[in-house]
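Paired with chain B in one complex and with chain C in the other, chain A is shared by the two complexes that follow.
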Partner chain A sequence: MASPWKTASVPGLQLGLGCGFWICRSYRLLFRAGAMGPHVVPRQLVWLSRWQAVCARGASVQHRTRAGVSRIPSLLSPGGALGVSPLVRRSSSSTPPGAPEVVLTQQRYPVTRLPFSAVSAEDLAAFERILPGGVVTDPEVLEASNVDWLRTVRGCSKVLLRPRTSQEVARILRYCHERNLAVNPQGGNTGMVGGSVPVFDEIILSTTLMNRVISFHSVSGTLVCQAGCVLEELSRYVEERGFVMPLDLGAKGSCHIGGNVATNAGGLRFLRYGSLHGTVLGLEVVLADGTVLDCLTSLRKDNTGYDLKQLFIGSEGTLGVITAVSIQCPPKPRAVNVAFLESPFYVLVETSGSRAGHDAEKLSDFLEQALSSGLVTDGTVATDQTRLKALWALRERISEALSRDGYVYKYDLSLPTERLYDLVSDLRARLGSQAKHVVGYGHLGDGNLHLNVTSEAFSPSLLADLEPYVYEWTARQRGSVSAEHGLGFKKRGVLSYSKPPEALRLMQQLKALLDPKGILNPYKTLPAQA
Partner chain B sequence: MASPWKTASVPGLQLGLGCGFWICRSYRLLFRAGAMGPHVVPRQLVWLSRWQAVCARGASVQHRTRAGVSRIPSLLSPGGALGVSPLVRRSSSSTPPGAPEVVLTQQRYPVTRLPFSAVSAEDLAAFERILPGGVVTDPEVLEASNVDWLRTVRGCSKVLLRPRTSQEVARILRYCHERNLAVNPQGGNTGMVGGSVPVFDEIILSTTLMNRVISFHSVSGTLVCQAGCVLEELSRYVEERGFVMPLDLGAKGSCHIGGNVATNAGGLRFLRYGSLHGTVLGLEVVLADGTVLDCLTSLRKDNTGYDLKQLFIGSEGTLGVITAVSIQCPPKPRAVNVAFLESPFYVLVETSGSRAGHDAEKLSDFLEQALSSGLVTDGTVATDQTRLKALWALRERISEALSRDGYVYKYDLSLPTERLYDLVSDLRARLGSQAKHVVGYGHLGDGNLHLNVTSEAFSPSLLADLEPYVYEWTARQRGSVSAEHGLGFKKRGVLSYSKPPEALRLMQQLKALLDPKGILNPYKTLPAQA
Partner chain C sequence: MAELRALVAVKRVIDFAVKIRVKPDKTGVVTDGVKHSMNPFCEIAVEEAVRLKEKKLVKEVIAVSCGPAQCQETIRTALAMGADRGIHVEVPAAEADCLGPLQVARVLAKLAAKEKVDLLLLGKQAIDDDCNQTGQMTAGLLDWPQGTFASQVTLEGDKLKVEREIDGGLETLRLKLPAVVTADLRLNEPRYATLPNIMTWQSWGGGCRRGRRRSSSPVNSGCPCAESQEEEDRGDQGRRPGCGPDLQALCG
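Right, the complex of A and B next:
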């Protein structure tokens, strides 16, 4: 049921889209609404669930999936801190037909292999004893785990391990620690920054077979599961029981909950249910030396000593391997509305609540205010699943639309709300005709701008105009150069734009404490040490 | 406006009070309701704000305040891991008239002073150079900072420092680190576990004069302030601007926000707005060696490296001194209802929402269901401030009521919801006539049981029946032996009931990394090392 409300008319608007910083001439914005700030949205709308801003191009798009390795053409730039030229030569049999092969990271980037041991035949035999049948050395199978889903980086690992239990992970790491073998923990391999694939020949430690739900508490909504459970499957599991996962991502069909936690994934429910630092109740983690750290509590409150699990949330597998997760699931909303509004920006607003009548009343009042004020010029509201999904597809397909525009330079920034769109306007002026398009979309409610710049082909001079300019601009606003994607391999060099030297030093000390040999996900998160 | 709804009648109840574990014959329970689990409360009530369970005695009570050092008689036991005999001899002039003096911790507990330097005249002169006029050595002034508010532990510090800026804190710590002088960071000194006062002669570093609001963002609701701001004053400040603090505590009139964060305080809004690990956006912390760690961001999303601030939330001043806090304030609710229900337990339910009519409708439907099912037998609803406060006073004065009952043994436990009340019944059977009363109250929604046992006077045999029994019982449920109060000095010995040896070892490593000389809040949080 979609209600056209174009003719409504009312006074007293607070949506805040007219504050200037969301005015955008060439592009339009989509928002998802949620627990938004009260001046951004009228107070009566604080029950809305999500708030996300998106700038969409009109280009026709294909629906994105992450079910295979060749799904998406590369969006990233060759050269530069984040750059890589994705399409170099055609693949051998290990690459899906028609997909170009990705250049090895070690050939593309100025990175030197650290003095880890190389995997020997004895090592393989030892792994086979730990994991009978769980040791993969077939190059065709390995290919999918050596290349990231964006097809921008590529390792040359010769072995993939698939443990089923934490104890197996512990035995593997104990062995690797002793042998000085580097390990690349891998979940669904859906990361955006090259954090989930090897840089050189690191052993790939996959959580794929660790996909068991351990427990679900039907009163509290606490889910305890192994790290390799796929987010979408967990969503289905808890929704059948009247709950929802506190996080939702475009990659949900492939990503693993352990990887989500290791990345500190943000996503579409962030504003409604908060960060994983609040919703994750407990973790089981295997440390670099094989120690199993059991902090897999399901308690809401526990002030017995330091909250160790927090260390591993967002550490990208560099401090330990997350093997199980305890997470608080909120009750499933009974009523959902999506409003798609038009103004200088496209705005996508989703509400979720417990009583459809109340929610419709609040949304209707809000929309009347927004329309009558002139801030919003047109729009539609959907409550049925088909239309809901159709509206959401407009947002979810932006990335593909961008990839059709040519070469794409991508940035994921957090900025103070009032400066969120300034960088887009600024860059348009700065880049002039060098760029085909400068596009800003993202999550208004949490200050997350997805900045995309397109050009016909990769241009070193355009890149030089973008970097470090974009990072310096962000740093001046005390923003974050990685809002929700993490640093991984591709962004580890820009950490210092958002963190002071004292913080970087402490991070390095923590890494040295927890992984003294540096075997866990090397070349990731922290800058290379001089 | 209070609406008696006793005559309502309806089917289909899910409140869950009849599940058995909340049945209580001798005592009654108060609950605050919030984002409670869906089987505990009907799904349509997920908009309720708070959920807290309390067991109240009928005794007449006096209103508790924490405005002075002598407000509350001691509730804790002498001897045993947590015990202390509070009332030993009458005070000198430094103690308020009529209040008994508290025995020195070093005389009461088996604790040995670590080999820190003693404060010399040269040290005092150095402090005076760093903090002109901010060095307090008057014994009468020091008395209030040497004794905890419960009057159960007492240090013998000879100097209290009152910096106004982070840089002053940094200079103090740099000096103390070099001189090997121990430091006791102190906020409002409202802690429950002896964490905020010296054990021996540690220098008291007070945040009292660091009470400046640094910034408030009127759109996002982000508050940035110095660590010494009093919670109640911050509440007033943000409420005037249409927001509320995400935490609320009985001690709000005295406690400092820095201390709240250092304790990882839970409190009355925990279930509605989540833990401080989610709502604190940034911290400025001075490390043991005087390094200023500036993580005072106001960003909702920031995945650039490890989330260092999390280390300090709940570390009780043992890893660093929090000097400033950035915290996310939610919008102020427009409508508040409190329902006080009677059944075998007293139940206090508070709702907060954006539209009074909607909220009243939902609450009314819920109450009709609860009443008609027979689960609830009587009750009242309040919306006006006077009645709201009167109902809340029933809960907030329980602690005083208990203190009138004789000697009180207190425990603050997290337990799985379905076992929350079992320990109370169990202890009644176990203790028999040894105990005057075994009382359980607390926060049902987050599984936090405040367990209190009273007797005419302190009894070593009763204590021996309680400890380690209560801790072992809790450990068997994988509960927490400190839900929201922390470990401080008095509970540091019981950490291992809730955390495995691997976790304890990592905590000790973190302490050694961040405070190699151990000068920050010694004798706190972690067990004494063998």
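Right, the complex of A and C next:
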């Protein structure tokens, strides 16, 4: 297991680099679509997109939250206005007015319902007995949980359950197991591969009300909490106590830690603190038949037998439902520097360390070297917190910006660093005018490319040109067809581009062992059995 | 077009986004180890000065800051944004606490007269004390016209047209030069200093000369509440006009 705190060694820079990643030049084009200015050549990085310009001018900032749209008045200070909006609140209930209805998954994709039972009135009564007040059947509320954040897949579930404790989850699963009812565990519903919403009428098991922090050890930084805690809330909690969460994503305002663990989320701090496989110390999981597996240890070292929690990390809710997480939080860095560089790619670099003067000197040396050698042509350094947040917003909100450009085809690939961008150029040539934009950004330090193609509306011919070309291209480089987003529903069929048949067979055996009836998150992750 | 020279005063304050903590002995707020940066309104003032320079209405922009050694960082930021010269009025850390708007106004008035500038730009207020006094006091000491809370500044012939934000709405003034202008929120959006600029100026301060012409001349003007200090290039007066008795009582 890799140590959570790696130091990346870039020539001349021996700091623990927070996260280096980059955006391609055509990123500028994205903002041409919605921006006021003609293009973003940051010689003077006075960059504003239309909504940020509105914020800076003193108008109110609109945040999309779960409750709908709320207005936050602009702050007195100019920097504040810029810094307020960046946190993306990927609300599953934010249906833009006039947005096209999402087609039902069963209509758009070739998928057949497996012979699970259908939810009956007796089932609802039984759920009501287990979770008084936690059974939701209102179609309007269900709407949000039936559609994914990207608005590309939609289920038709009729029941949403909101347990508060692991015992309630256990009782629900035991009941569903006996009745052969399919269950779809759901956290923040911010996944990118349609794994968080039902395909047919699976019961949605939401962790929204399981949002308690169970304990936090103030010296070691070990956090134990329920699976439904929102990542941003946890960040705030541990930061007040001098620590920091080992992962950070653009979706932090909505995603649940349980979902993060279930998908082995990577994110913006991956380069610095490593994978959840290393930072998660223990899990409490409820298995398909209702058994509670309590491996919620907070020990750093425990070599007693097989490390079962590793099975569930990244299992995407198909092997068990994670109900509590014990995670190791690193100490909060006292000195954080963010630099935004242009090279011809745009690269955002964050350094974290314990001494401001020392770090500033190291960063300064690196930047001087990079500038004089011609590696970097221009850029800026964040001088204060608000600038820091504004620079990060440039990277964190790309996904949001893309979703406003039209229909987005998303690919998340691991490739050798030297060939990371070649696919983007290849695709641009291949697709020509079919695509509105072909964009490549991602986590440079992790060798992870987020390839995004946008078009005005969904087009089967464009999809046919993209797949399997992208996957085959990746397989030829021995890369991963899903670096951090997982397989979910949309990528369940492409596992074999990156894993040999023996591996797939073993995965299927494990699934059969832990969930013989296949009720946990069916139609996802593993390919459909022939 | 015009051969105007502008002086911009900048203040180093606790960063806007930092959570302020009161010291345990309740004598002030914790400043040790806390992130400081340029006052946001001063940033806007610097930006405006640099924009006027880019429009060729101003020939030279001088950035000035009063305070302990750390102020040099703030001046460096102003230089990286586009100022031509920087002046650091060094005040020892111990005396920096009694440096208030009147003292700073006196320093700025002296500097403005000495450097013969046509335009003095400041932020409308600092986010740590929210005084909103320095600009006005300086104008009073210099007997210059003032346009405060400016949301737009343009040059019309030999007059400065300032649009100000007041309680009732907007007011437009035409000021004769030289004049004092304090910047309000909507005047402009400050730029990010570019890396090449940051690198050029990073070793400014402490008498280092490099690259373009700039002077790093810590002017020892001394806090009026403290002993007078001799200034290198001001032979004529030793002691700055001291505080009035009421202010001395406040400082002491």
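Simple rule for what comes next: the second predicted complex is superposed on the first by the 410 of 530 C-alpha atoms of A that agree within 3 Å, B and C clash if a C-alpha of one lies under 4 Å from a C-alpha of the other, contacts with A are read in each partner's own complex, and residues count from 1 in each chain.
We take it that a contact is a pair of C-beta atoms (placed from the backbone, for glycine too) under 8 Å apart; a residue touches a chain by one contact, two chains touch by 3 or more.
This structure is a prediction, so every number in the text was calculated from the model and none was measured.
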Touching partner for A:Leu341 - first (chain B), second (chain C), both, neither: second
Partner with the higher number of touched chain A residues, chain C or chain B: B
Touching partner for A:Leu371 - first (chain B), second (chain C), both, neither: second
Partner chain in contact with A:Arg387 - chain B first, chain C second, else both or neither: second
Partner chain in contact with A:Gly447 - chain B first, chain C second, else both or neither: first
Shared contact residues on chain A - chain B and chain C: 43-46, 334
Parts of chain B lying in touch with chain A, wherever the complex brings them together: 16, 35, 37-40, 43-47, 217-221, 242-243, 263-264, 266, 270-271, 274-275, 277-279, 287, 291-295, 297-308, 310-311, 313-315, 319, 330-331, 334, 353-355, 358, 361-362, 414, 416-418, 443, 445-448, 478-487, 494-495, 497-500, 502-504, 506-507, 509-510, 513-514, 525-526
Residues of chain A touching chain C in the complex: 42-46, 48, 56-58, 76-80, 82-83, 334, 339-341, 364, 367-368, 371, 376, 378-381, 383-387, 389
Complex contacts: residues of chain C adjacent to chain A: 15-18, 33, 35, 37-38, 40-41, 43-44, 77, 127, 185-186, 189-196, 198-199, 202
